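Next come two complexes, and both contain subunit A; in the first it sits with subunit B, in the second with subunit C.
Presenting the complex of A and B:
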């Protein structure tokens, strides 16, 4: 009997297990090697930075030592100063983003459902969204002053644009046969919304939320740098004015970490909310 | 068909309903300022704003625009080329990706404008700091898209190139770059938009010199609503024009690709 006629026998259990454990070990080793490679560059930079600061190659006012930055970060956190400023900033983002969520979805749904609403609103929306957030800051300062309202309006504008666009497109791109099926089954409007329109446009809605929240955080930093007396952006400006670059750098680390956290949280929420979708890959 | 109807066809072709809202707001603005319902300093009447805008144009505003555009393009080219180089390196070499990729992604998380205080200490308030900032804005999207474009080049193409015994340079020039070009263009397009934004931002924060952003900030300080609004419109128009140019150029450059 030639070997081609026989079915491949399953490997004996113990060998199978051994092969799997070997593969697992290789995977762990590869992971470890990758992490080591990833840390090589930052480690080299920090070392060089440390040496430069230690030997005074660069003035401390221009380049504080890395350990100084870490210490400052720790002290700012410990004294509660950092958290006080950060919570103010996060509060602004929360307010602005909530406003954007309301306005953006309302506008997006209206323009997505009704061609008439689109004909009236879209050109103005397009023209206004074409002007970057930064352009609006001086105008809004003139109109509503330098206070909280201006910041929240700026953040809301930054977040509302992607939310509106994605809501509109999500609704527009619902396949016509979904709606036909709903009509055949005589769905009530409520059912139509909850069972068809909302789930079908959810991925696009989520895209809008993601871009919206990222934009909100970016414009918060900008607006606080430009006009603020509290918040994480202000803390940076303050550090800059006193030539305390360790404060500036510590704040940059915090800003990066918050950006990362926002990104990761939204990814988690997306996989959770869209877990019912079966994708091909 | 009479020439008369033909002449007004463009009017019908465009949907005039979109003008209702801006016209309404303009009328409201005019009414509010005409009957002095709001502080005249805060809300100047529309005709005054137009007048101020016109006097801006005659008062050397063109030079400000040119200064901004020059800065924008310098930063765009600097950041775009650096991004193209890094993106190519990361795309071609797995080792480079493992070495540099994680650090790049970590640094990318820092909001762009958070670099301004640091840059202003390191490079001063002048032109170098501005151009470096604009270059950073262009650098990220080009790097990411070049990297992803090169990584998504089909293995089949590379195999064909091997069959034809292409040299490394030929593989690069004739296979990888053309196959990745749509995404590289996407990166460049994004970079063009971001670098214009960064130009305005740089002019706000690093106040020395001339530029559209400087005009707007000065206008606010002097309660000159006209120059702020005028600057706003110009910023929007230039942004939209750059965007259109990028779309046109992209279509032109990618015309060899057959639509599937």
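Presenting the complex of A and C:
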């Protein structure tokens, strides 16, 4: 290994083009290998599924073949039905998650900054958050009806819990050392927030966002399965009622893929925004 | 270059203890001359870091007075800079941005800020590292950045709280020389708190020896040797030994690396 490979600093004068392009190629290869490994397990499951359907290990009405599910998926997409339902679901998640972002951040900041606020709020918050999404639905249907408000409230509750907790932890865990540096240089409250509090708690805030959005997506499907007349969850119920399990499974595939896509997007944003953390911890 | 005079008058500091209040500083009197390099040495728990925190204004609850140019110090101020034992660089900012933190509230144009940041990185020998992040730096380089940050807004007094305590011996010696060079070039008053008697004698005009429980000034030793000093010089060694004699009983903290973990009785029991 040449000395340029181990130099900790990518300084302009240490830039070795050949070594850099080699490293770049190695990184691409490593990425491809990881993607291939990630696809191995799903491929094996699809193969097993295919064999099970083909040899009739499970009745075809109960377990449609993967080819059938894929065909249904394309048909649902082509007819516009899938997108119509998916866009309604995504809209609900967007509203619920936005509400959770406002409430969760406000609560988390209040409890992170002030021990008094924490003493007032935390036990109630914790108790309420321990009641799962399913437990809220009967009461909320009575209170606000079965319409959009109920679904958005459920999603907001599911997402607000991790956002609140991670915001609180992020602010609580800012090293006192950094706050002293800010005092030495006489930071104004605005500078303190922008230059210290926000960047120092950003990793934790991002954790909250990721868990929050995952929770929002999961509880959306739950609430749509139970009480809805449109949306991706409803489409699943509809498929089950008509005993079209290919529709049910197509919906499951879509739900899984959308959830994965949401998580990956946030992960990308996190890697970009927190690049100063690279190999630091 | 500055006419600032720092006076510490009858300063005492007490922390509320669990059973009884704990007095950490008692009757501290010091007059620090403009441009002077003063070191404060003493064993662990003698209150030397507390004294520095009082002067920089991070702690305001004390008896007595601390005056800078006749003004009583209240809170922190840009005329007093500090370098801590840990570099305390913000990991989300580059080297140049970290140095720029000290200029957030300076009345300089953006161009002047960039120029003076570059000058001070030059001064600590880190030109070319402006856009590096702290995780890319060694301990010694990080501490250089911290020194640049401490100097960049031209404080009248720079306080150094065991700034080289966590560094290896070679890096420490290099940075001691750098600090001497910067002090001579800039003429800023510097107050260094350290465990390391040799470091104190090497750099200072005067060495203040504190004794613990409660922290009091035992004596003040003048180091009347020309700069730069030779560590092997007979006069140097004589002054060093003289100061060391104040720490007669073992263990001598000046000989222990500060980064060693504290040992409990259990460590020794299991070692037997």
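In this section, the second predicted complex is superposed on the first by the 218 of 281 C-alpha atoms of A that agree within 3 Å, B and C clash if a C-alpha of one lies under 4 Å from a C-alpha of the other, contacts with A are read in each partner's own complex, and residues count from 1 in each chain.
Note that in this section a contact is a pair of C-beta atoms (placed from the backbone, for glycine too) under 8 Å apart; a residue touches a chain by one contact, two chains touch by 3 or more.
The model shown is predicted, which means the values in this text are computed figures rather than measured ones.
*Asks:* For A:195, is the partner it touches subunit B (first), subunit C (second), both, or none of the two (neither)?
*Replies:* second
*Asks:* Which chain makes contact with more of the residues of subunit A, subunit B or else subunit C?
*Replies:* Looking at subunit B versus subunit C, the one contacting more residues of subunit A is B.
*Asks:* Should A:185 be classified as contacting the first partner (subunit B), the second (subunit C), both, or neither?
*Replies:* second
*Asks:* Have a look at where A:177 lands relative to subunit B and subunit C in the superposition and call it first, second, both or neither.
*Replies:* In the superposed model, A:177 contacts subunit C only, not subunit B.
*Asks:* Which of the residues in subunit C come into contact with subunit A in the complex?
*Replies:* Residues 56, 58, 75-78, 81-82, 84, 86, 88, 90-93, 101-102, 104-105, 128-129, 132-136, 153 of subunit C touch subunit A in their complex.
*Asks:* Would you mind writing out the residues of subunit A in touch with subunit B in their complex?
*Replies:* Residue positions touching the partner: 34, 37-38, 40-42, 45, 61-62, 116, 119-124, 127, 130-132, 134-139, 141-143, 217-218, 221-222, 225-226, 233, 236-237, 239-240, 243, 245, 248-249, 251-252, 255-257, 259-260, 263.
*Asks:* Looking at the complex, which residues from subunit B come into contact with subunit A?
*Replies:* For subunit B paired with subunit A, touching residues are 15, 17-22, 42-43, 95, 98-103, 106-107, 109-118, 120-122, 196-197, 200-201, 204-205, 213, 216-217, 219-220, 223, 225, 228-229, 231-233, 235-236, 239-240.
*Asks:* Which stretch or stretches of subunit A touch subunit C in the complex?
*Replies:* Checking each residue of subunit A against subunit C gives 8-9, 11-13, 177-178, 180-181, 183-188, 191, 195-196, 199-200, 202, 274, 276-280.
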